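Next up, some structures in structure tokens.
First chain A sits with chain B, and in the next complex the same chain sits with chain C.
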Partner chain A sequence: MYKLYFKQAIAMLKQNKFISLIAILGTALAIMMIMAIIVSDNIKTISIGAEPNRYRTYYIPTMMERDTVQNSWMTGTISYDRYQGYLSDLQTPEYSTIMSRSEQLVCREGESEIHTLKRRTTGEDYWKIYSFRFIEGAPWGEEEVQSGVKHAILSESATRKLFKGEKAVGQMILINFVPYRVTGIVEDISEIFNMAHADLWIPYTSIDNYQSWGVDMLVLMAKNNSDLPEIDREVRQAEKKYDASHANKVLSYRGPAKHSDYQLSGWASTNEDAAVKIRVARRKSLFIFLVLLLVPAINLSGLSLSRMKRRTEEIGVRKAFGAKRHVILIQVLFENLITSLLGGVVGLLLSYGVIYQMKHWLLGVPEDSYIPFNALVSWPVLLSVVLVCVLLNLLSAGIPAYRASCMNIVNSLTQNDK
Partner chain B sequence: MIRHILKIIWNERKANGWIIVEFIVVFCVLWFCCDYMSFIVKSNHEPLGFDIDHTYEIRMSKKTGMEPKEEEAIDHYSLVQTFIRRVKQYPGVESVSFSNSAAPYLRSSSSGTMVSLPDSIHVQTRIRYVSSEFFDVFKIKLEQGRIFNWEDNAESKNVIVSGNRNGHFEYTAENNKNVEVSGKGKGSSERTEAGDKKQELELSKIRALYNDHMKEEYPIVGIVNPTKEDPYAPYLGGVYYPLGRDRTSLNSQIVVRITPHADKDFPERFTREMRQQLNLDPYFLASVVSLQSLKKDVLAYSGITGNLNSIYAITTFLVINIFLGIIGTFWYRVQARRNEIGTRISMGATRKDVQRMLFGETLLLLFIASFVAVNICLNIAQTDFLEAIGLPKANREQIGMGIEQDVINYFVTYFFLAIISLLAVWYPTRQASRVAPAEALREE
Partner chain C sequence: MGIIKLEGITKIYRTKEVETVALENVNLEVKEKEFLSVMGPSGCGKSTLLNLMGLLDLPDEGEIRINGIDTTGMKDGQMADFRNATLGFVFQSFHLINSLNVLDNVELPLLYRPSTEKERREKAKAVLEKVGLSHRMRHFPSQLSGGQSQRVAIARAIVGGPKIILADEPTGNLDSRMGQEIMDLLFQLNEEGATIVMVTHDEHIAESTQRIVRFFDGRRVE
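Let's look at the complex of A and B:
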């Protein structure tokens, strides 16, 4: 039966090529816009490539300290002394590391050509939370971080820039005029992994006076994603521990924030602040989705209704021969779904084009960065494109299909539906 | 004619309902896009107060890992003098400025409260520390008085001020509870949203500014043109202090203005040729960046670029949709009304007449929709709906947009949609007017 519907739907599409084209284009456009948002969201949150543990990674990016006597407060990134002894020995997370990223001037020892490179200072667990392929050398361990040895790991492209094909491991480089030894080279990763990406990595302890610098972020990786409440409890305990030893001070860390929440809230100094931002961001997406779905749905409804009008006789005949209401309903919806799916496929492909062209805006990565294939095509994406198609189909063909199924046989046979 | 068309619209009300609903939704969204775009365009049209064409920031970095003793021994001021001498010798460099929290787009600003003398009114102002060449680098115009001379005067207390859009300082009664505010010497006052009165103080009536913290008086020697931090920020009153010797170092903001013809590849050329000369131990040349490119970063960071991109995207989307919707609906309508059109032509209506009727139908539909939409928009604008869902909203107060903006929004949106609709309806009408009357009538 569905095969027949399918044949009929294709025949109808062919019969009125102009209107079919308009319907498919309208659907494709809507799907393109919606999928561009969904896919770029998915790229920001999916656990793959260099960040395979996003689903169980939590961040503590900022803190706020209130002075209850002066009634003043200070917000900013976490200072080292509010990390060490408070957040440094959390029990629940499997791995944890602090990290900071900044641009630094780097050159090869004895050469005058200076490059600006993104440097990440990290602890040893960084290499376990994120996934890198080492071309040469190995990540540093606890010992190196303890001793603060000046070792650096370079990305492949940074190595090319600095050494131009010569052997790099074992050589010396100057990072902001401080000598470091290159101990490893890793394969480049895409900049969509913005938590892991950098050009070179050094142990955070290798910086002089590292205790006096702030920490951009504390990254915690749980054994599994049900540990969040337990980690949260530990972090709140750390706050209490700090408050107990500092009179008139109330410290609150922002987080632990889930990866997806952190992407939505961006810079926020407190959890309440972040919650508001997340709520607003969710409402915004909901509103945008609504506009993106409703406008084409109204459009297509109008078209479908006109089309239904022309098929009044056919539906009348089918009903006269005993077709039930729901059969007509399902048939109309099914026929329309074929248009929707056709539009969906075109729309999805177009959305990839849009993301590729506008990655700077949609993903916040430089124009020349690449996006791995498995970030674009994944089960959640494919599932959501089908879902969006079905939803758009229901919205756009629901009313026409219902009307068609309710037609009075006599009226439709005499073409008198007014 | 209009009554006739209205009758036709009423007869086709079922199909027209969809089009009207779509028009209403699209009209509302485009209305707010238009509102925001007007804000952007108007803001862009107003001068920044700083001229940033052909200006570059020179960033110097300091070597890390120095001993505290070495650190103390650095003579920052003489390094600065050497720096200025060497940079000025470079061909094309017109002027070099040193400043702290002053230059636009360098993401550093400070503000504070000053007391105006003789009125003793507390005013909130931007605070900038600058060398005298700052005004040359950014081509800030002197409106009254003179510019202080930095080299001789670096320790003196002379300051220069700038006002808001009217060239006044602003203050609120909130900050001046203990000051009796007389009507004399005050400019116009306006009510702000919060309800506390924002009042204005004429700059020329102020003799000096008094800093409560430092317990010091700063005579005003000059007034310069109003400035804003970026095109979409408000004009704020500001105070320019001379950048003191003790505050001047190669860590300050350093901006150079170059002649237009030296602008080509300036950063690369300058970096290459000056790297050696600007190796002023412990400082070294880190980078040279044009302020235009820094402006781009700031606007992207503040979300303006993203907002504009979203507006372009959603406008394009809606326009294409309304285009497809109208083409589709009228195409069907023309098909369904072949007999009617045939009759009209056989009764002596010209093709133009038929076309005109369909065009009129479209415009009238849009007008009916716009009437409903405008009421929705005006009501939404009164609420916090846009803020609640995080959509960009025009800051009407800041730019002085009033009710006339609603009229502009209406006409711009209406004409924009009208053009799109007429383009869309053109293809079906062409088909309609080609109906051969005999054929159409025979179909019956």
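Let's look at the complex of A and C:
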């Protein structure tokens, strides 16, 4: 039966080419806008490329310390001692590392050409949490981090800038006028992997007085994502441990936050603050999603109604020969779904174009950043487009289909005779 | 006992301002395997009668029994199943679905009962053979003549093996030669056991059937 519905839907699309084109384009534009948002969100959260463990990676980005006597509080990034003394020995995470990112002046030793590069300071587990392809050399290990050796790993593009095709591994560079030896080169990664991306990486212990610097982020990778409650319990225990040894102080770490939640909440000093931001962001997204879905659905509904009007006689015939109401309802929705799916494919392709053209605005990455193919085309994205098509179909064709199913048979059959 | 029995049937069409009595206290019995013609001037209620017999519309008063079953109080879905199993319709303006080819059009009633695609195809092909249109089954309605369209409509009406065929002016849109071809087909179906009720304006055609009932202003007059 569905095969026949499909044949008929295609035949009708061919019969009324102009109307079909309008319907498909209308659907495509609606789906383009929605999918641009969904695909952007997917790019920020999907576990692929350099960040293959996003689904089980948690972040502790900030802390708040309250003085109960003076009734004052201090918020900011985690200080090194609050990390080392209380969070460095969490048992549940498989890997954990601290990391900071900043822009630094970098040049090749003995040369005057200075480049501004993004530097990430981090520990040895960083290379296990994130995924890099080493062109030369290898990541540093625990010993190097403990010794504070001044070793640097460069990205391919940073290597090109600094060494202009010459051999880089083993050579010296100056980072903020401090000499470092290049020990590895990794393939460039897209800036959409904002936790992994940098131009060069050094052990956090290689910075003089690193203990006095704050930590931008503590990254925890669980063995699996069901470990989050246990990790959370450990973090809360760490807070209590601190509070017990510091009179009149109450420490709160913000997190552990899931990758997707962290993307939504951004800078937030407490979990409560983050929860509010996440709630607001989700409501905003839902509102935008509904507007983007409902407005075109109402427009397309008018088009569906006029198409149904032309098929009044056919519906009368079908009902005369035994089609029940629900059968007519399903047929109309199914046929409309074909149009919606065609529009969905076009809309998805258009949304890729929109994301590519507006990546700075949508993803917060520079215009020249590349987006990996598997970030654009993935199962969540394909399932989303189908779901959006079904939703749009139900909203735009639901009422016309219901009205068609309720038509009086005699009136339907005599429609053209009047 | 009649295969169709109408008792005290009244049908009134109502708009906000006007009430029109289409049929008033009509009693009629159609015997099994009978070929009955319904005649009368335009607006006398012939088509309304056929619609009521076909369970396409509901009477305001009276009882309709078809094949021994009282249809009063049947639910929408039950009536749909009943139409599908027992009744076949032939309309004056064919009412073929333009976006489906001949074979798919003929297959239509079989879609609404349990059957496989293969079964549907075989039955549809068989009836198209019977109406002499097996060579046209991949054509679309727009590619057929009036006579051919009506033959497809007849094939569609009989594909489900209904006991009763209700034909509303089946030759009304055809020239006399094509009209005769359609009538020959209906006579053949009647001979094979189908009960046929046909609305017609054509006295000559009506006279060739077994019985004529005449209507005037919603009442049976003969």
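What to note about this one:
In the analysis below, the second predicted complex is superposed on the first by the 415 of 418 C-alpha atoms of A that agree within 3 Å, B and C clash if a C-alpha of one lies under 4 Å from a C-alpha of the other, contacts with A are read in each partner's own complex, and residues count from 1 in each chain.
The working rule: contacts are C-beta pairs under 8 Å (C-beta built on N, C-alpha and C of every residue); 3 or more make two chains touch, one makes a residue touch a chain.
These figures come from a predicted structure and were not determined experimentally.
Once the two complexes are laid over each other on the shared chain, residue contacts for A:149 go to neither chain B nor chain C.
In the superposition on chain A, A:48 contacts neither chain B nor chain C. In the superposition on chain A, A:22 contacts chain B only, with no contact to chain C. When the two complexes are overlaid on their common chain A, residue A:324 makes contact with chain C while staying clear of chain B.
With both structures placed on the common chain, the touch criterion links A:314 to chain C but leaves chain B unconnected. More chain A residues lie in contact with B than with the other chain of the pair chain B and chain C. Residue contacts after overlaying the shared chain place A:305 against chain B, while chain C stays out of touching range. Once chain A of one complex is fitted onto chain A of the other, the partner contacts of A:390 are absent, as it touches neither chain B nor chain C. Once the two complexes are laid over each other on the shared chain, residue contacts for A:345 go to neither chain B nor chain C. In the superposition on chain A, contact of A:8 is made with chain C only, not with chain B. If you check the complex, the residues on chain A that touch chain C are 1, 3-4, 7-8, 11-12, 15, 313-314, 316-325, 327, 408-410, 413, 416-417. Listed in rising order, the residues of chain C touching chain A in the complex are 51, 54, 56-57, 76-77, 80-81, 83-85, 89, 91, 93, 95, 97-100, 104, 107-109, 111-113, 117, 156, 160. Residue ranges on chain B touching chain A, taken from their complex, read 14-15, 18-19, 21-22, 25-26, 29, 61, 63-65, 275, 284, 286-287, 305-306, 309, 313-314, 317-318, 320-322, 324-325, 327-329, 331-333, 336, 388-391. Contact residues on chain A toward chain B in their complex (touch as defined above): 18-19, 22-23, 25-26, 29-30, 33, 105, 112, 116, 176-178, 207-208, 280-281, 283-284, 286-288, 291-292, 294-296, 298-299, 301-303, 305-307, 309, 358, 361.
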